[in-house]
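Worksheet: the structure to be examined is printed underneath.
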Amino acid sequence: MYERLENMIKFDNVTKNYSGGIVALDNINIHIQKGEFVFIVGQSGAGKSTFVKMLLKEEPPTKGEIFIEDTKLSDLHSRRVPQLRRKMGVVFQDFRLLSKKTVYENVAYSMEIIGAKPKEVRKRVPLILSMVGLSNRAKLYPDQLSGGEQQRVSIARAMINNPTLLVADEPTGNLDPETSWEIMRLLKQFNRNGTTIVMATHDQNIVDAMEMRVIELVNGKVVRDQAKGVY
Amino acid sequence: MYERLENMIKFDNVTKNYSGGIVALDNINIHIQKGEFVFIVGQSGAGKSTFVKMLLKEEPPTKGEIFIEDTKLSDLHSRRVPQLRRKMGVVFQDFRLLSKKTVYENVAYSMEIIGAKPKEVRKRVPLILSMVGLSNRAKLYPDQLSGGEQQRVSIARAMINNPTLLVADEPTGNLDPETSWEIMRLLKQFNRNGTTIVMATHDQNIVDAMEMRVIELVNGKVVRDQAKGVY
Amino acid sequence: MKYYSINETLKSLFRNRMMSLASISSVVASLLVLGIIMSVILNINSFSEGIKHQFDSIDVYIQEDLTKNEILTLGESIQNINGVHSIIFETKDQALENLKIDFEEYSYLLEGLEYNPFPNTYIINLDDVIYADSIVNQLKNLQGIEEVKYYKDLVNRIIDLTSYVRNIGLVLTLFLAGIATFIINNTIKLTINARRREISIMKYVGATSWYIRWPFILEGTILGLIGALISTGIIYLIYSYSFQLFTSQFYVVFAAYMLNVKTIAKEILALNLIIGTGIGALGSLVSIRKYLNV
Amino acid sequence: MKYYSINETLKSLFRNRMMSLASISSVVASLLVLGIIMSVILNINSFSEGIKHQFDSIDVYIQEDLTKNEILTLGESIQNINGVHSIIFETKDQALENLKIDFEEYSYLLEGLEYNPFPNTYIINLDDVIYADSIVNQLKNLQGIEEVKYYKDLVNRIIDLTSYVRNIGLVLTLFLAGIATFIINNTIKLTINARRREISIMKYVGATSWYIRWPFILEGTILGLIGALISTGIIYLIYSYSFQLFTSQFYVVFAAYMLNVKTIAKEILALNLIIGTGIGALGSLVSIRKYLNV
């Protein structure tokens, strides 16, 4: 199978400092091609979530440039940011579910904002909820769910629009091994269908078993970037 | 070594139903002695956090009785509930940090409520923060921390008062393996000093390596209760 | 873009019902103040206008030697002056009688008079006091008039008084409308602040600012609308009750000038709707702004 | 229990500064309304009381044939009656002159009089209008009095008017105080609601209800206190300005009865402090309640 190499994500000398002298990312250079599956690993506080925040333009880098599909994020007008975010599905480490919407509505909301037809929404949302094993929790609110269930809602929401880029920050932190593997199987399937996947994780077993590209951060620096790596 | 067996926790035919026909705990009978170290494992949604909530009297059981150190929780007047909670240190799955207080203040608050002297507070809080590796984050607010750092603040807070019972719900879900092991070493040390530890977790490696008592829940039922068990 | 039905909005208002209730009741409270004070002010205005009208007449003393026909012609000429509403003819005998009635306690003084010193008089009712000066000037050109009596000072004072009352009333109303606006806006700010996390999440998953704004604006509008209607309703009830109390029982003097409930209710409803729904919508629009920059 | 310093409280208020500012400004706004309307009402009261005093006099006509000594004795007896503040003696000649001045335009009528029909008169100033009836009754028992003139109807009407004004004023003040209380309480409810998660966490880690409550009550008190002081300050400024405007420029009639700024400020400060800090504290106490049951 021949694949044309296309840039999906490019970090160009990116540094992120927080007030108080904290260096969360330190001169990062990373290229991720379309269709790749990349693990970001590293100790707690190494800068993994900061990396994800940069992609979303949630925080601007202190130095350097970030490109997504050749769009320079610093040039992106704030009015175009929603377009950027719709292109990605994101699983946030802290879930970020809408507390006043039910599980169903949380997932449907992401479809509605891109203008999906109600018929389409009614068909697709139950499907993806059953894929993450939450069909019977659709009418509950986030604070009525277990930690792992909330995480799975977050995963369902990230996947609902078949994004070209799926960014998952610690998507299995609250899941038991069995459910984790089910989620990984889903991600793999997405990846096979062409979705680029960037996943920050601490799960040694998963990283070791998947044999994908692994980028390791230590104190905000890339110390390892290895194809078919281990944790 | 001879140890007198004393009841720390006793669940007596405890059932917890949520509205919508959800059975979170189904006729649970568990005895945990003082000084034990118990893992609660089970799939996402199995009822682990509900078990923890019952201990805190955060939610009342639908049926059955819970005893802590021979106190029947259903008889405990709401005014005495703070006393109950102070006896325990709890690591919540969703951290539950005070967002308007710094890391230092979050931990100090738990000492202050039990009337600790300011001098004592100023001595002990930095100590425990350094134990969880957060000395240089003391002045930050929770939303300026990484996921794992928030989790460690939560752990520090649970340990600060040397509780006789430490309940930890998924305390390593956001931690890398190395930091996780450090936390486990801390817990083990606490346990050796007499603290009873109940820990809900998904971390197979940890459970397998620790060789402690394992209680497995499936759909709210105890399906396994094994001394020196594995995940 | 998704179509935001009233249904959806009501659902959201219900899910945040503690907030919704608090907002609505603050809207009601501040509009209630505005409405009540406004109805008092409107009535004081009406009262002082009424008083003014009791003094806005000009007495024209007619020369002693005019014939009946000449008097009639004079009357017609007066009637034709711009600003004259109507005229009444009062004979010298009537004038003396009226004085005796007005100053009853001194009537024995008047018994001692050898002749009736009063002239025949035309009493002019004006369309409005502002015409008084011009009428007095034009009367000077007419034949057969001995003297024009017009209590200029008194009338001026009363005009001063009424405009004073009106100005104070206007300032108070504007001030209160400002405060009501401020409080309603503040309340909306607080309710939106409590939902800032929700708003930022919507932004993080890729919703455009306007897509997020619309439902909040709609909610704000409905909160304001409900508040405006409730407060107007309460004022209607209080006012009807007071009106009945005053007109039926005491203070008949004041009751005569009291505006009826329909007049008051219409004005207040209009104002309440403008402020309530306007600030409900605008306040939401403005308050949500800073939470959208994520 | 930990000692809650003002310092800690200020820190918390600062960390929640958006909320604090919104609360304080709502407190200011509602107390401002209360204060402004109250100062208008107090002035209207003072004005109508002033008017009342211009009419609270009783004229005592003295019999024609009394000697100078008898007149003096009569004066002393009158002076001793309970409720009499002071008396003035007016001779019959003065009386006629006064009438001529009062009714200037009819003075030519009075020129035609053959004799002075007026009696010598004692004019009684009362301590308060309420004594009028009892004084009139007691006067009947005295010798040497021809007639007692007292404008009972007019005075009664004015008493009615002033008590009407006072009642309406009182009702309005109470109403506004109620609304201010309501809005302040509502605002505090909203700010506490926004911190409900914080409160529940404190409860989960084992803080007692009172341990959690105190800082909130202290914060509410300080918010209310700041709001009360600011609003009183603003009213002081507005009132001083208006007072100067009125007394120096126009409406001298009204200005004569205008209460000075110190009197007003003192009353309003007291009320604002009671409502502001009171509701700040109490509102916090009550609002926090439902979030403590976890």
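Some observations on this one:
Order as written gives the chain letters A, B, C and D; numbering starts at 1 within each chain.
Convention: a residue touches a chain if its C-beta (ideal position, glycine included) is under 8 Å from a C-beta of that chain, and two chains touch if they have at least 3 such contacts.
None of these values were measured; they are calculated from a predicted model.
Among the remaining chains, A is positioned farthest from subunit D, on the basis of C-alpha centroids. If you average the Cα atoms of subunit A and of subunit C, the two centres end up 63 Å apart. Computed from the mean C-alpha positions, the centre of subunit B lies at a distance of 67 Å from the centre of subunit C.
Centroids built from CA atoms put subunit D at 25 Å from subunit C.
Of all residues in subunit B, none touches 2 or more other chains.
Shared interface positions of subunit C, defined as residues touching 2 or more other chains, are absent. In terms of which chains touch, the assembly is arranged as a closed ring, every chain touching its two neighbours and no others. Chains that are in contact with each other form these pairs: A-B, A-C, B-D, C-D.
By the touch criterion given at the top, residues 18-19, 22, 25-26, 29-30, 32-33, 36-37, 40, 99, 105-106, 108-110, 112-114, 117, 149, 157, 160, 164, 168, 172, 175-176, 179, 182-183, 186-187, 189-191, 193-194, 250-251, 253-254 of subunit D touch subunit C in their complex. Subunit A contributes residues 18, 20, 41-46, 48-49, 93-94, 139-140, 144, 146-149, 151-152, 169-170, 173-180, 202, 204-205, 231 to its touches with subunit B in the complex. Within the complex formed with subunit D, the residues of subunit B that make contact are 56, 58, 78-79, 82-86, 90, 92, 96-100, 109-110, 112-115, 157. Of all residues in subunit C, only 1-2, 12, 15-16, 195, 197-198, 201-209, 211, 293-294 touch subunit A in the complex they form.
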